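Quick one: the structure is below, and I'll ask about it shortly.
The first chain written gets the first letter, and so on, giving A, B, C and D; residue counts start at 1 in each chain.
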Amino acid sequence: MQVGYYPGCALHGSSNDYEMSVRACLSKLQIDVREIDDWICCGASAAHSLNQKLSVALPARTLGLAERDGLNDILAPCPMCSMELCKAGKALAEDPELRVEISDIVELEITGKSRVLNLIQVLQEFGVEKIQSLATRSLSEFKPACYYGCLLTRPPKVLKFDDCEQPESMEKILGLLGAVPVDWNFKTECCGAGMTLANEDTVLDLSHKIISDAIDHGANCLVVACPMCHVNLDMKQAAVKERFGVQRDMVVYYLSDLVGIAMGIDEKDLGVDRHYVVKD
Amino acid sequence: MLRKLQNTCRQLLLEGKVDVVIGYGQADSESPTHPVFITDAKDVKKLVWNDKCLINLVTYLKRPEIKSLGKSAIVAKGCDERAIVVLEKESQLERDSVFVIGMACAGVGQPLLPKCKVCDAHMPQVADIIIGSVENPSVDADTRYAELKSFLKKSPEERHKHWVKECRRCLKCYACRQTCPMCYCERCIVDVNQPQYIDSSASTKGNFAWHITRAFHLAGRCVGCDECTRVCPVGIDLRLLNMSIAKSAEQNFEFRAGVDPDAKPIIGSYSEQDREDFIR
Amino acid sequence: MSDEKEQFEPKIIAYVCNWCTYLGADLAGTNRLEYPANVRIVRLPCTGRIDFNLMVKAFEAGADSVLVSGCHPGDCHYTTGNFHARRRWILFRSLLDTMGIDVDRIHFTWISAAEGKKWQEVVTDITESTRKLGPYTAYQRVCGES
Amino acid sequence: MAKIGVFTCWCGENIAQNVDVQHVAAEIAKLPNVHCSIEYKYMCSEPGQAMIREKIAAEKLTGMVIASCSPHMHLNTFRKAAKNAGLNPYQVEMANIREHCSWVHRNREEATLKAVDLVKMAVAKVRKNQELVPIDIPVTKRVLVVGGGVAGIQAALDIADAGYEVVMVEREPSIGGRMAGLSETFPTLDCSQCILTPRMVDIGQHPNITLHTYSEVAKVEGFIGNFKASILKKARYVDVNTCTGCGTCWNSCPSKKTPSEFDFGLGTRTAIYVPFPQAVPAKPVIDQNACIKLTKGKCGVCMKKCQANAIDFDDKDALVEEEVGAVIVATGFKLFQIGKEQDLEGQSGYGEYGYDKYPDVIDSLQFERLASASGPTNGEIRRPSDGKVPKNIVFISCVGSRDNAKGVPYCSKVCCMYTAKHTMLYKHKVHDGVAHVFYMDIRAGGKNYEEFVRRAIEQDGAQYHRGRVSKITEKHGTLIVRGVDTLAGLPLTIEADMVVLASAIKPTNGAQELAQKLNVGYDNYGFLSESHPKLRPVETASAGVFVCGACQGPKDIPESVAQASAAAAKTLVIFSKEELTRDPEIAKVNEKVCAGCFTCQRVCAFNAIEQVDIRSPNGKLIKRIARVNPGLCMGCGTCVAVCPSKSVDLSGTTEQQVYSMVKSLT
C-alpha cells in the first residue's frame, strides 16, 4: 500500500515526535509513505478568516501536487490539516467553476478526487486484522481513554468519518490489539488547542476536565491522533496538575505509539520517551 | 461470424426455440441486402452478414403478419437493438417472445453511414446472444449531435427556408413512417379526417405539419436508426429533426431512447425540477 | 411598409386551462383591466390537454402568435397535468427551433386564478411584441402553397 | 341537421356598452346551422331563461350558445334551463363576451369584432357537441378504516352509528393506538385510558363494526364506491371466538422475558400476551418468536391450561377479502429515532444525547408509560437504570423537530404541550423534585393551552430554560446535561438523574407502502397528502380515500378526533346516495384503434386507465388496449394530448370541438 504523506507544520516542528511515531509504525506495516514534494501550509486556523479563496487555494495546491505525482491517497496525521484538505477537495469536486479558477491560481490541474485520510483511516485501510497478525505483544496493561478532540470527526458533512459525537474507531483498533479502552465522556470535547498561547486558563481548565474524566472512568493513559491535543494534554499536564492539584500522571500516547508498541517497536524509536509525561 | 450466425439460427429452429428467424439475405455480393424470414432450418444458408446489412429489421417485429408466425429470432446490430428496448417499454412486444441475436458491428455502409461514425453501440447490450466482438467506443454528446449543431449555425430564416424547400419535395409516400420501428399506430393521425389534424392534400402546409408530427411523435422514442432518412425516395434528411429532440432529451433529462432499459420514458414522466426558463 | 405595420393587428390564439388562467382572465375582466383585443381564448380543462398539433393548427389558422397558459407548477387542478405539459414543451421548442419556426411567436406562461394583472400584462406584451415582429408571413406562405 | 340557437346577452350595460350586441346577433345569424340568433337584456334573469326555454321547445333546437359572461358564472344556470326545456344540458356552450371582452376592451369596434369571433368559436364548438348523460356508479355502503387509534376509532364509531358497516383493520393485537399508552392528557389532565377505553369497548361491541386486529392491509383494488381490500390476518395461535380472555394462559406462560412493545421496553411480557389489561379484543396472541413451543417445539403449557381449548399452534396467516365503498386511513405516528439509525434519507440521530448509551435518557412515550398508573412502575416515576426516583429531571423539547441539521425541519406541534404536562405529572408525583425544560419556543396555540403551560411554570415550578442542549454525559451515575440559557446568555450545566427527550413525530412504519397501495401521495417525510390543504383537508388524490389523524401530519388528540369526524362525514356523503353520479365530461378510448402503448396510463394522475385484453370468442388474445375507468377519470385530458394516434378523446372537449373552434378563426 502506498500513501502520499502530508506532515503539515506541526509534524515538522513541535510535534516531530508524532512524525517519528507515524513513520516508524507505518514502515513496520510496510506502507510506502511518500512525502508530497514541495507541500505548503494548509492554511489551518488562519487562512479562512482572512480570505476564502486563499483558504481553498492553499490546501488545493497540495492536492494538486499529490495528483501530479499520482498519489490517490494522502495521509495527513494532523486532523486540522486533513480537515482543511478534505474541505478544499470537497469544494473543488462540487464546484467546477471554482475548480477552474483555483487550478488557474495554483497553476496545477486539480480534480479534487484524491482521498485525504487521517491516521486512523490509514490503519483501517491497511486492515486491523493484518496489524493484529503482526502484533508481537498484547496491550492488555493499557486502559486507554481514546481522545478524538474537536476536529477528527468534525465537520461530519465534510469528513464523513465515524460518528461525530460518539466515535469508536480508535477503541476498535486498540481493542483488537488487546488494550482495554474505557468508556468515557470527553472523547470529542474541545481541549482548547486554538488558545494554547492566547488563553492558557481556558486550556488548563478544559484539559483538566478531559484528564480527570478519563481517570474517573478508570483509564491509565490517554490516546490521541492529533498533535494539538497532545501538546495540551501532555505538555500542559504539569501546569494542570499544579493548578488543580489532584490527578495522577497520565501518559498521552499517539495512536501510532500503541500500535507500534503492540508490534514490538522500541518506545525510543516511536519517540515516546520524548513526551513530557512518561511512564515511571 | 457468418457461420456462427447460421449455426445459431439452425439450432434455434431445429430445437423449436423459435418459429422464424428475421435476418439479412442478399442476391449476390454486389447487390444490397434484403430482409429474409426463415422458418426452415435448411434455409439458414440464405443468411448473410456483411457491411451491407443496413436495414433495422426490428421494424418487422411490430408487424402482425410476422407476429402471427410465432416466436421469432432477429438479427440485430447494437443500434437496432435499442428499438427493441423501446417497443418493450411500450408493451408492443414481450421480450421473451423474441430471441435477439446481437451482432458485433463496427459500422455498415460504403461509405460508412453517418450514424455509424458517431455510434457508441458497436456491441449489443440486451441481446440473448452476441456474435463477434469489437471495441465499444465512447462518444460524447457534442460529437453525437455535431451535424445538427452545424445545421443550427444557419439563421432561423434559412432553416425555415430549408425545410419549406424539403417539404415541397416530400411526396407523402410515408415510407419514413412505414419503415420506422416505432410507428406502430393502427390508425396514423395523418389518416384521420375528423378532425383533420394534417392536411393530407399535396400541400406544403400539410407536409410541414406531417414532418413536425412524425418527428414529435418520436420524442423520447427515436433510437436514431436513421431508416426514415435512408428510405426517403427524395432524400430528405429527417435525421436533423429526430436529432433535435433526441439532443434536447439528452440535455434536459439525461435520457437516450432505448439505451437504458430501466429508464422511465420521458413522455409520461416528469420532474418538478424540469427547466422552465422559457415559461413566463 | 412601415405604416402598414402600424395598422397591423396581430391575431393571437390562446390555449388556456380552465382552472387557473381562464379564471385569471375572468378576474382581469372583473377588475376592468384593459388590454388589446387581439387574443382569442380557447378554453381547455388543463394544459396537459394541450397537444403540439394545436399550436401548429393555430398557425395554420393564421395566428401570428400562440399563447399557452395554465396553472403554476404544483397548483394544477389535476395535480400533474402542467408538469407533463412542460416536459413536452421543452422538447417541442427544440424541434420548432430546428425547423426555423419562430419560437418568439409561441409563448408559455403560468397564470393563476388570482393573477388577473399578469394576464393583462402578458396579453399586452405579446400583442405588442407580435406587432413588432409583423405578420407571420413565413408560415402563412407555407400555408398558401399547394 | 343541427339547429342551433344563439342568445346574446346585454348584461344590462355591462356588455352592451362596449359591444354592439345587435351587430353580433346579426352577424351570427348568418352562420350555417344557426337557427335563431337573439339578443336580450338579461339572459340569466327568469324572463331571459323563460325565453330560452320557449325557443328551445318551439324551434326544436339541438344546441345553443349563450354569449354572455364567464361559464364559471352561469354555465350551470343555462344548462339547467336547457334541461328543463328538454335539451341535453351538454348541448350548451357559452361565449364569454363580458369578462373576456366588454369589460377589458374600451374600443367598441374592436370589442364587437372580438365578440363576433368568440361567439363564432362557440357555435363551431356546439355544432360538434354530443349529448352526454351523467355516469352512475353503484356504491358499496361499507367503509374500511385502517388503524385503530383514537382517530380510527372516532371515524369508525361515527359511521357505524350512522347505520353503515365498518371494517376496521389494526396491525397490533389490540386497538387503542398511541393514546392507549398515554398517562394523562393535556390540557385537562384527564386520564387517557379513562376516556379512550370506553370507546374501544364500543368498537368491540358495535353490531356494525367488523374488527380485524393483528392484521394488515395487503392489497386494495378498485375505485370509489367499489374497493376490494385483501386483509392479511397474522397467525394469532388463539381462537378469538372460543377464548374467554380469562388470563390463565399468560399468567402461566414460562417465557416472560420479552420486552413489552406497549411499554417501549421498560417492562417485559410473556410470549402469549395481551398488550395491556384493557385491550380490545381482550384476547391474547402468541408471539411466535418468543413462544417456546413454536420455537423449540416443547412446552405448550398455555394449551394444557386453557379450559376453552382456544390455543391452536397450527394457526396460519390468512387472507380475507372485504368489499368497501370508501377507505379511511388513520395509521398514526411513531417517534423519530433518537439513536443513530434512521429510516429516512437525510435524517440523522443525536449521538450527543447518548440515547442508546445511557439507560436513564428516555423518550417522551417511555415517560408516558412511567407516569401511567397501569405502566411498568404503576405510575411511580422511577428511572430505568436502578429504579431510583429522579430528584432532578431534564426535559428537552425539539429533539429532531425544527432541526434542519437532523433532517426534520417541521414542528411536531404537540411536544411543547406534553412536555409541560410531563413536568406537572412529575411534580405531582415527586414533590421535592425539580423539573428542568430546555426549549426553543413554547408553542401553546389552542384552547386553554397557554394557560396550561403557565400553570406548569408558575404553580408547579417547572424550570424553563430557553436554549438547546449540546451534550449529555455521565458521571458516577449522574447525567451531566450541558446546554445554554440564551436568555441569560450563559452556558448551563445541570446534573440530572433522568433526561426525557421530546422526540419528533414521524408517520408510522409502512404508511408509505399503504399510501402506494391506495394511490395516495405523501411528502418527503412520509406524511400522507391531503388533496387541498384548506378546502379538501381529509380528501386525497384518490377518490373515496380519506385521511385523518397523525398520518397526515403532527396532531394532538382533539385535532385527530375532529379530523376523524370530518373523514367520517365525507364518507357518509358518498353513502348518502344509492349511486354516485359522475360528470360525463371524461376521457374515452376508441378501442378499435388503440395500439396499446399505454402512454396515457403513465400520465394519468388518477390511475383511471386500465389495461384490458381483447380476446376472440375462443379466448385467444387479439390485443391489449387501454380503457378509462369512469369512476376515476377526472377529465383533465392529458391522455388525449399524449396519445399519438388520438385513440383517446375527451367528451365535452373533443378534438373535433377544439379544432372546429380554431378553424372558425381562419
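Assorted remarks:
FYI, a residue touches a chain if its C-beta (ideal position, glycine included) is under 8 Å from a C-beta of that chain, and two chains touch if they have at least 3 such contacts.
Just so you know, these numbers come straight off a predicted model, no measurement behind them.
Taking B-C and B-D together, the chain pair joined by more C-beta contacts is B-C. The mean-CA centres of chain B and chain C are about 34 angstrom from one another, to the nearest whole unit. Annotation: 46 Å between the Cα-based centres of chain B and chain D. Measuring from the averaged C-alpha position of chain A to that of chain B gives a distance of 59 Å. Distance from the chain A centre to the chain D centre is 52 Å, each centre being the mean of its Cα atoms.
In chain A, no residue reaches two or more other chains under the touch definition. Chain contacts: chain B has residues 189, 197, 267-269 touching two or more partner chains.
Across the assembly, chain C contributes 57, 60, 80, 84, 88 as residues in contact with two or more other chains.
Annotation, chain-chain contacts: A-D, B-C, B-D, C-D (touch as defined at the top).
Of all the residues in chain C, the ones that touch chain B in their complex are 52-53, 56-57, 60, 73-74, 80, 83-84, 86-102, 107-110, 122, 138, 141-146.
Taken together, the chain B residues at the contact with chain C in this complex read 148, 151-152, 154, 156-164, 167-168, 189, 197-199, 201-205, 208-209, 211-213, 215-216, 219-220, 240-241, 243-245, 247-249, 252-253, 266-272, 274-276, 278-280. Residue ranges on chain A touching chain D, taken from their complex, read 163-166, 185-186, 189, 213, 216.
Contact residues of chain D toward chain B in the complex are 592-599, 602-603, 611, 624, 642, 644-647, 655-656, 658-660, 663. By the touch criterion stated above, chain D contacts chain C in their complex at residues 70-72, 96, 98-101, 103-107, 110-111, 113-114, 117-118, 121, 521, 531, 541, 585, 603, 605-606, 634-638, 640-642, 650, 653, 658-659, 661-663, 665-666.
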